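Each of the next two complexes has chain A plus one other chain: chain B in the first, chain C in the second.
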Partner chain A sequence: MNPQFLADGILTGALLGLGGVGLTLAYSILRFANFVHGDFLTVGAYAALVVAGALSQFLGGSGIGPFSFGWPLIIALPVAMAATGALALLLDWLLFRRLRRRGEEIVLVMASFGASLAVRSLIEFAFTPEPKYYSHDLQIAMPLGFSVRATPDQLAVVVLAGVAGIALHILLTRTAMGRAMRAVAENPALARVAGIDPARVVRATWWLGGGLAALAGVFLGLTVQIRPYMGFDLLLPLFAGVILGGVGSVPGALAGGMIVGVAEALAVPFIGAAWRGGVAFLLLLAVLLVRPQGLFGMER
Partner chain B sequence: MTTLAVENIVAGYEKGLPIVRGVSFAVAAGEIVTLLGPNGAGKSTLAKAVAGLVPEREGDILLDGARVTVPAHALVRAGIAFVPQTENVFARMTIRENLEIGAAVLPRPRRAGRIAALLETFPALATRPTLPAGRLSGGQRQMLAIARALIPEPRVRLLDEPSAGLSPALVSGVFSDIAAIAAKGVAVVLVEQNVAAALGIAHRALVLVEGRVAHDGPAAPLRDGKLLARLFLGHVEGAEAA
Partner chain C sequence: MTGTLSYLAFFLTEVLVNFIAVLGLNVQWGFAGLFNVGVAGFVGIGAYVSALLTVPPWHGAPGPGHVGGLGLPVLVGWAGAVLASAASAAVVGVATLRLRADYLAIGTFGIAVALHELAANAQGLTGGPFGIAFIPHLLAAVPPGGLARGLLDLAITALAAGAAWLVIDRITAGPFGRALRALAQDEAAAASLGCDPRRLRIQAMALGAAAMGLAGAVQASLIGYIAPGNFVPILTFQVWAMLVVGGVGSHRGALFGAFAIWGLWSAAGSLFAAILPPSMATGGASLRIVAIGVTIAISLLWRPRGLSPPGRIVSRFLR
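What follows is the complex of A and B.
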C-alpha cells in the first residue's frame, strides 16, 4: 500500500466528512435527502472567491508563510459560510418550508433536485464553466516522512477540518441549541412538548449545514479547483459517507466521509481513477447489506 | 379555583374523523382528575389535544380563565407540562441531557438548581447521569420523563399512563410522587389503565367512552368497581346497539 494514497484519502475524507454533516442534519431534522447540499459546497467556494478577490485589492494577494492563501481568503471564509447559510435559509423559506407542511419526503427531494439544477446553472452563468483558483502560486509539496508528501495548504485543510469537527461536537453536546437539534432529530413531538421551537431548530440546521458545506467547499477549492460542478459531483460519495456512518449521526457522517475518502484513494491504483466513484457505491452496498442502519446508526 | 378548563374539545388525526367528540372538564389547583376509559376511548388523543399535538382540534383550553392560543412548544412556558404515554424520553441522550432540555425553558441562573432539585427527588436518576436514557429500565424511564416535565414547575401536569410497564412497587412510588406534586398546588390530569391505583389518589374521575364523557364525578364512589364496570360495559352494549 502506498502511504501517499492514504494521505490523499485522508484529505478527501476530511472534506467529505465536513460536507456530509449538513446532509445528515438535514435528513434527521428536516427529514429529506437534500440534493442541493452538494451545490452548497460550490456556492461557498465561489462566494469566498468573490469576497477574497475583492479584499485582495486592499490587503494584497500574497500568501501567509508557506500557505498559498492570505488574509483575504481567511476573512472571506466566514463570509462565505454565512452567505451559504443564508442561501440555504432563503431556499427553505421560498421552497422547502411550504412543501414540508404537506409532509411528503419525495416531493421535497424532487424540489431539492430542481433547486440544485437552478443554483448550478446560475453559478455556471455567472462564472463560466472554466475552473478557477484562489491562488495561482505554485505550492511545493513537502516531504512528511514515510514517502508521503503534502502541500502546506493540504495540511492546513486537514487540521482545520479536524478543528471544525471538534467544534461541531461541542456545539451539539454542550449547547442548548445543539441539544435542541438532537432532540428534534430523535423525537419531534416530544421536543415540542419539552418546549423546543421547531422553527428555530430548522433555521439553525440550515445555517449550520450550509456553513459547514461552504467550509468544505472552500477547502476543496483550495486543494483541488473551483468549478460549477465541484459540489454536485461529490453527491454520491457524500451520501455514501452519510449512509455508511448511519443517517442522522454526526460522528457517523464525519467517520463515514473519512472511510469513503480513504477507500476511494486506496482503490484508485488497482481500479483506475475513472472507477473511483464506484468504490463509494460498492462500500455503501456492502454496509447496507451487513448493517442497514449504518456504522453509527441506531436500530429503528 | 379552576386552573385548567377544557371546553368542547373535538379532536382527531384526520379531518371529519373526530376521535374525541366534544369533551369538557375542569381541574382545580391541587386537584387530581383521573381520566379512565376502555382502550381506544380517546384518552391519549384528548391529552395530546390539550398539549397541542393533534393535527385537528376544535374547542378551547383555558388556563386560569384565559384562552390558551400559543403553539405546542410554548405551552411549557405557559405552565402546562405533558408526559406522553410512549417515547417520553430522548433515548439517545443522557439522563442529564434530558433534564437539561427540560430546564432550557427556564432563565439561565435557575437551570442548575432545578436539575439538582429533581435529581434529589428521584435519586435513582442521580447515580449515573451520563447513561443514555434508552438504556434505562421502564420505571427509571418513567421517572426521567416525569422529572423532565417537572423541572419548569408547571401549574398543570398531564400524565398519560405513568404506571404503564411498571412493577406494582414502582407504581405506588410513582403515584405517591404524583399525589405529593398535586399537594403543592399543581393541577393534575392523570390518564390511567391502572384504575385502582388512579382512583386511590384522584379526587375526581372522568370516564371517557368512544370520545365522550360518560361520567364525571368524585373518585371515591367509583372505588368499589361496580359503577365503573357498568360505565365501561354499558358503553359496549350501547356500541352494539348503535
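What follows is the complex of A and C.
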C-alpha cells in the first residue's frame, strides 16, 4: 500500500468536506438537494481568478515563500467567497424563493438542475472550456517522510480547510445565528414560534454555503486546475459524502467528504484514476441500502 | 426542395425519438411523481446495450483489446436495451425509494454519471471517447443518405413512437395508472386501499426507463454511431424541458413539448451559427444551453401546467 494515495485522498477529502458543508446546510435548512452547489465551486474559482488577475497588475504576481500564490490570490479569496454567496442569494431571489413559496420541494430540485446547467454554460461562454491556472510556476513536491510527497500549496490547502472546519463548528455551536440555523433545520415551525426569522436564516445559509463552496473551489483550482466543469464533476462525490455523513450534520459532511475522498484515492491503484465517479456512486448506493441515515444523521 | 424535405424528415425523426423518452419521463414524473435526473443515463444504457448486442463482432471500437458486438438482429438489440434500462432503474428505485424524494434524484444522477464514465473509459467494451460505430440499421438494404432513407427513418421512428405511446397510454389509463395517480395525491389513502407504494413506484421507474432505453436504441440504430458525448446532462434537461413545457401528465403534451423544445433548440443553433463568427462556435453552443435553461425556469414559474395540461380526471358518475 503506497501512502502517497492516502495523502492525495486526504487532500481531495478536505475539499469534498468543505464543499459538502454548504450542500448539507441547504439540504437540511432549505430542504432540497441543490444541484447548483457543484457550480458554486466553479464560480468561486473563476471569480478568484479574475480578481487575482486584476490585482497582480498592481501587486506583482510572484508567490510568497514556498507557495505558488501571493497577495493577489489571498485578497481575491474573500472577494470570491462574497461573490459566490451573492450569486447564491440572487438565484434564491430569482428562482428558489418563488418556488419554495409554492411548496413543491421536488420542483426546486428541478429548477436547481436547470440553473446549474445555465451557470456552467455561462462560465464556459465567458471563459472558454480551456483549463486555467492561478500560477504557471512549477512547484516541487517536498518529501514528508513515509515516502509521501506534497507541494507546499497542497499542505496549505489541507491546513486551511481544517481551520475553516473548526471556525464553522464554532460559528454553528457558539453564535446566535448558528443556533438559529440548527433550530430551523430541526423544526421550522417551532423555530418560528421561538422568534427566529426564517428569511434571515435562509440568507445566512446561502452566504455560508456559497462562501464555503467558493473556498473549496479556489483550493481545487490551486491544487488541480480551473475548468468550467470542475465543480459539476465533483457533485456526485459531494452528494455521496453528505449522505454518508448524514444529511444535515456538519461534522458528518466533513467526515463523509474525507471518507469519500480517501476511498476514491485508495481505489485508484486497483482500478485506475478514471473510475473515481463510479467509486462514489457505489459508495452512495451502499450507504443508501445499509444505513440511509448516514453516520451522524437522524432517522427521517 | 428535396433538401428541405430531407431536413424536415430528419427534424421530425429527432422530435419523435425525443418524444419516446419524454413519454417515459411522463410515466415517472407525470403519473408517479418520481424525480429522475438521470434521463441521459437511461437513454445511454439503451443506446450502448443495443449497440453492443447488434454490432458485428469484427467492427465497433478500433484499437487492441476491444470486445466488439454480438451481431444479433436489430430488434433483439432494441428489446435488450428496453430490459437493461428498466432493470437499472429498478435497482436505483430499490435503493432510494424508501427515502425522501431527493434521494431518488441523487441516485439517478449517479447512474447518469456512472454510465458516462463507463462509456468514456471502458475502451475495450464501449470504444471509450471514440464511441461505437457501424451500428446496424433496421433496414440495412437501404443505402444511407438521400430522401428515401430519411423518410424511411421517419417511418420507423413513427412506428416505434406510436407503439410506445399505445403501450404506455393503455397501461397508464388502466388500473396501474389509477393507482399511481392515487398514490401521488394521497399516499396514506392509496395504501389503505391496498396499493403498495414502494412496489408501484419501482414499477413506474422501470416502465419509464424502458421507454428511455428504447429511445436510445432507436437513435443509435438510425445514426449508426454513438459516443459518450451524446449522453450528457443537457439531454436530461432537454427531455425535462419537453415534458414541463408540453404539460406534465399528458402524453399528447409530451409530443407538443418535444416538438417545441427541439424546434427551439434547432432554431437557436442556426441563429447563433448565423450571427456569431465561427471563432465563437463553442460560445454559441453554451448560449444555446442557457436559452433552454431560461425557458424551463420561466415555464416553471409562469406556466407550471404546460402548453397542453391533462384534462381533469373524474369518475364518470360526476361528469
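Note that in this section the second predicted complex is superposed on the first by the 300 of 300 C-alpha atoms of A that agree within 3 Å, B and C clash if a C-alpha of one lies under 4 Å from a C-alpha of the other, contacts with A are read in each partner's own complex, and residues count from 1 in each chain.
Everything that follows uses one rule, which is that a residue touches a chain if its C-beta (ideal position, glycine included) is under 8 Å from a C-beta of that chain, and two chains touch if they have at least 3 such contacts.
It should be emphasised that the depicted structure is a prediction, and the values quoted were computed from it without experimental measurement.
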Q. On chain A, which partner touches more residues: chain B or chain C?
A. C
Q. First (chain B), second (chain C), both or neither: which does A:Thr128 touch?
A. second
Q. After lining up the shared chain so the two structures overlap, which partner does A:Ser147 touch, if you call chain B first and chain C second: first, second, both or neither?
A. neither
(Q) Touch test for A:Ala111: chain B only (first), chain C only (second), both, or neither? (A) second
Q. In the superposed arrangement, does A:Phe35 touch chain B (first), chain C (second), both or neither?
A. second
Q: Would you sort A:Ala194 into first (chain B), second (chain C), both or neither based on which partner it touches?
A: first
Q.
A:Thr175 in the overlay: touching chain B, chain C, both, or neither? Say first, second, both or neither.
A. neither
**Q.** First, second, both or neither for A:Leu99, with chain B first and chain C second
**A.** second
(Q) If we overlay the two complexes on their shared chain A, which of chain B and chain C does A:Leu285 touch? Say first, second, both or neither. (A) second
Q: Report, in rising order, the residues of chain A that make contact with chain B in one complex and with chain C in the other.
A: none
Q.
Which stretch or stretches of chain A touch chain C in the complex?
A. 27, 32-33, 35, 95, 98-99, 102, 105-107, 109-111, 113-115, 117-118, 121-122, 124-125, 128-129, 232, 235-236, 239-240, 243, 272, 274-275, 277-278, 280-281, 284-285, 288-289, 292, 300
**Q.** Sites on chain B touched by chain A in the complex
**A.** 51-53, 71-77, 81-84, 87-93, 97, 100-102, 104-105, 148-149, 152
Q. Quick one: in the complex, what on chain A touches chain B?
A. 173, 176, 179-180, 182-183, 186-187, 189-198, 298
Q: Using the touch definition up top, name the residues of chain C that touch chain A in the complex.
A: 33, 35, 37, 95-96, 98-103, 105-107, 109-111, 113-114, 116-118, 120-121, 233-234, 236-237, 240, 244, 282-283, 286-287, 289-290, 292-294, 296-297, 300-301, 304
